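Here you go, one structure.
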């Protein structure tokens, strides 16, 4: 039993994948049309924006911080990108501008958290307000509409007849990030800092730099999500991205990324995002009202974190006891050798 | 030297609340000069209807944060309790006051679930209340579909007595919500700063281990703060429903960030152990009046996230710096011992 | 005195000259001079607060010395950060391994290197094979035993080609077989010319593996030399206070309480839990029972379990004849037993609360069920401030701004305000100045006069000797000896604590 529990905790993303497969298959049993390739692709296409946000946030969460400004960052970068393209800029220029803005927002967050020592949640909450307000200033509270058809059509481009361009980009990014984190020299720094910041300092990891980098990457991914958002939706409202920050965090937690830091992977975050964005579709296929969407998300979240907390607690306590018991065994040996008696 | 360090500290608390009052006065002067209507007492007092929920929930969110936790599910509970109230009254046909009591109970239960998972199971407060936020707002949406009224319209047509909770005025010019807020400030103040429970809240926030060794039931203390927070959210739900005259599932959707902002701006340390009800009450009004004043001056409310966000970052950074400057008390110890 | 490997003209692998360090007014290291040569295994022994850890942390670049210099292979170095120390070939294996629990063994070892992963993997495998260890590289660190975690830490050091390894009490959490394999490794490293600092509390180990011995006391090296020049007696001598005369009798009269005539206030019967086994103790009214032993002997675990904060495996605790085994902590306090924890900052004080809130934290409910009774709380606090001579500007001063000694008095006041019949004090004078120490002793003696039963856990053996009516020593989770009356001497307690007491002393 313990071994099973341990196996699950050791390969958390596998657990998420298994959960996703069960979810899809289960829905397919009730309603076989859910498993039609077209529908699965629709599920995946629909989750692209959440996946990108979740990847970004997972960097920050893995280092032990949190970022609640990604929703606003998405909104601002989507607005900027859409406005520039509407006014005739090239896609490249608009994208570079959007990504730079995302990186700058991340940099501000990172500097505030590491240099000014403002708790991450406060810093990013404040920046969230600033950025959200900036969207209104920038758009003057108006919708960004009338985007060129070409820009809006990117979302419809498919390769080999069925792979959506955005989905392909996202999957490539996930693979790239995964390789960077697992094979790159510094990829493990993020998790190491979240795992044991003191230990990371001891072996010479640049802690502050890495934490700032995590925030910057988070901002960049939010900007990328913003660009795709503008193209997919075709217009940008000043409230674009409202509440997405919480959904991104929820996707991470669903995917096994622990908010205490050091645990989780981009693969997990990706599948977490897919589960979350598919719930409403699944509900429809199960003849439920999609109104249950948030309720189910909430219940799933709570079940997962509670199970996780209980398992962690169990192992911690067990390790402590083993340690003390080892001491005792040793004492017994020593006593036998010395012919000592316990009285 | 120690004495000086001590006085400094007192001064900082003093200054912080003074600073909030100063900002408040400035707001009134500036907005008053832009739009004289702002200075009319009924208008000024009436503005509280726009931000009463933030004020109420922030008061008790402060207590949660002092124990070292955080509750971001308050807004969701507002929507949920509003729907519970409407359903019980309209679809279950209960007396409106019975419905109100059951609705408050719902808030307590939501808080109890949060608190239990946080203090007894040991899950991070941020995650639990994030899950709670989805769960409670989700349930509110589900409930809204159960009603015979359409979800968009919401349930309305409440009895006059109920509408008067928020709509009524004392002495003909003080709106009831203002009185409700004052009463809650007094209750929260007594609870946090005068009662044994409040003392325990601070001690648990400063050092939960030490509290444990002192025989304080720190798990219960912490769970109870979430129940209070849940209760306050349901009170806000009732007041808001009464004010609007209809219940809607999305009543509290945009409240989370302003609530946390008010609590932190009020001087509560996110790491726990420090904070005051008066500070939070002032901060909530500062934020509320800022929104209201700018709106009256013809600025869209949406721009207000900028000054509020700035205020938050600057306030926390400044307080961090002031704590940094407090460090010399260690140097003082050194000199004294030599 | 020379060292085993020193042939006179060799350059020391590491040379420490005149290193001093103080924290606030507390001098921790005074002008330490030490040369360590290639292949030396230096056993560093000394009591708590002798300065061992501080010295090692200075070598690791965690602390900066106030004065003095360090040279490595003859070159002066500046160890300003852990990275600088690593670059100079120094590696510290901390007592509690600092691993990344969610990473694999290999990731834990190779993290922070500049080289390519694949190269490191080859080197690592070669290293492990060379050492002949059985360690799976793909296991998660959290699944490792403490011994295995220590191996990982040592591998980290070796893979970095460290020339100087510091092992901080590496055997404190190891089992017998693990200790044996660790010793084999150390012997191996020694023959490969790696210098090792070996911090330990276990004197027998010194003779098993060390080539040199350095004894620290009060921040000074009191004895140093090749291990062959020493025996256990001499080590204990070195640990004793410099001005201590072995023959000196205690001035104070020990109470000799007749156990058959009165009921003990606290009785522990065949009590076992995690970290201690089969403890039998009786403490009588007006008696101070000293509980001596080295760090990790299981004294704190025992006390905490009596206090109801950990699982009881076996046995009973009786308070005034009433069974309180496994009761809740708050119930136990109510019944009249209080425990004053050893780590003041972690478990004792409420740092950013004022003195009054600290003192009254345990007894607010006695005044008024709902409100904080300011009048009574203030009066009580003022009483304690006066009685315990707590130096404050007022009862509203923040505890964090008090000196260590005054903080400790606040912690004592908090505990004693509950009006206990039995008090368990865990290291009550750790890290406090001489004046406050005197006050704490006075408080403890007053308790004794009032007929309170006191259990005094302390690693400061002189303190135990000075205060106790009766002493039990704990060694590796068990009580190995009890002493009373004239047999309570620093010598006896020291050797019993280190598990080497052999004298025939009649005891029950």
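By letter and in written order, the chains are A, B and C; residue numbering begins at 1 in each of them.
Assume a residue touches a chain if its C-beta (ideal position, glycine included) is under 8 Å from a C-beta of that chain, and two chains touch if they have at least 3 such contacts.
In this text, all values refer to a predicted model and were calculated from it rather than measured experimentally.
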| item | value |
| --- | --- |
| Top chain pair, ranked by number of contacting C-beta pairs | A-B |
| Far-end chain from chain A, centres as C-alpha averages | C |
| Euclidean distance of C-alpha centroids - chain A vs chain C, Å | 43 |
| Chain A and chain B: spacing of chain centres that average the CA atoms, whole Å | 29 |
| Interface hub residues of chain A, defined as touching at least two other chains | none |
| Sites on chain C touched by chain B in the complex | 24-25, 307, 309, 329-330, 332-334, 339, 341, 346-353, 357, 361-362, 364-365, 368-372, 392-394, 396-398, 400-403, 414, 418, 433 |
| Footprint of chain C on chain B - complex, ascending | 2-3, 5-6, 9, 194-200, 202-203, 206-207, 209-217, 273-274, 329-330, 332-334, 336-338 |
| Residues on chain C engaged by chain A in the complex (per definition of touch) | 60, 62, 81-83, 86, 92, 98-103, 107, 111-114, 116-117, 140, 142-143, 145-146, 156, 172-176, 179, 274-278, 280, 296, 298, 301, 475-480, 499, 508 |
| Residues of chain A defined as touching chain B within the complex | 66, 112, 116-119, 121-123, 125-137, 141, 238, 242-243, 246, 249-250, 253, 259-260, 289, 291-299, 301-302, 305-306, 308-310, 313 |
| Interface residues, chain B side, partner chain A - complex | 70, 117, 121-124, 126-128, 130-139, 141-142, 144-145, 253-254, 257, 260-261, 264, 270-271, 300, 302-310, 312-313, 316-317, 320 |
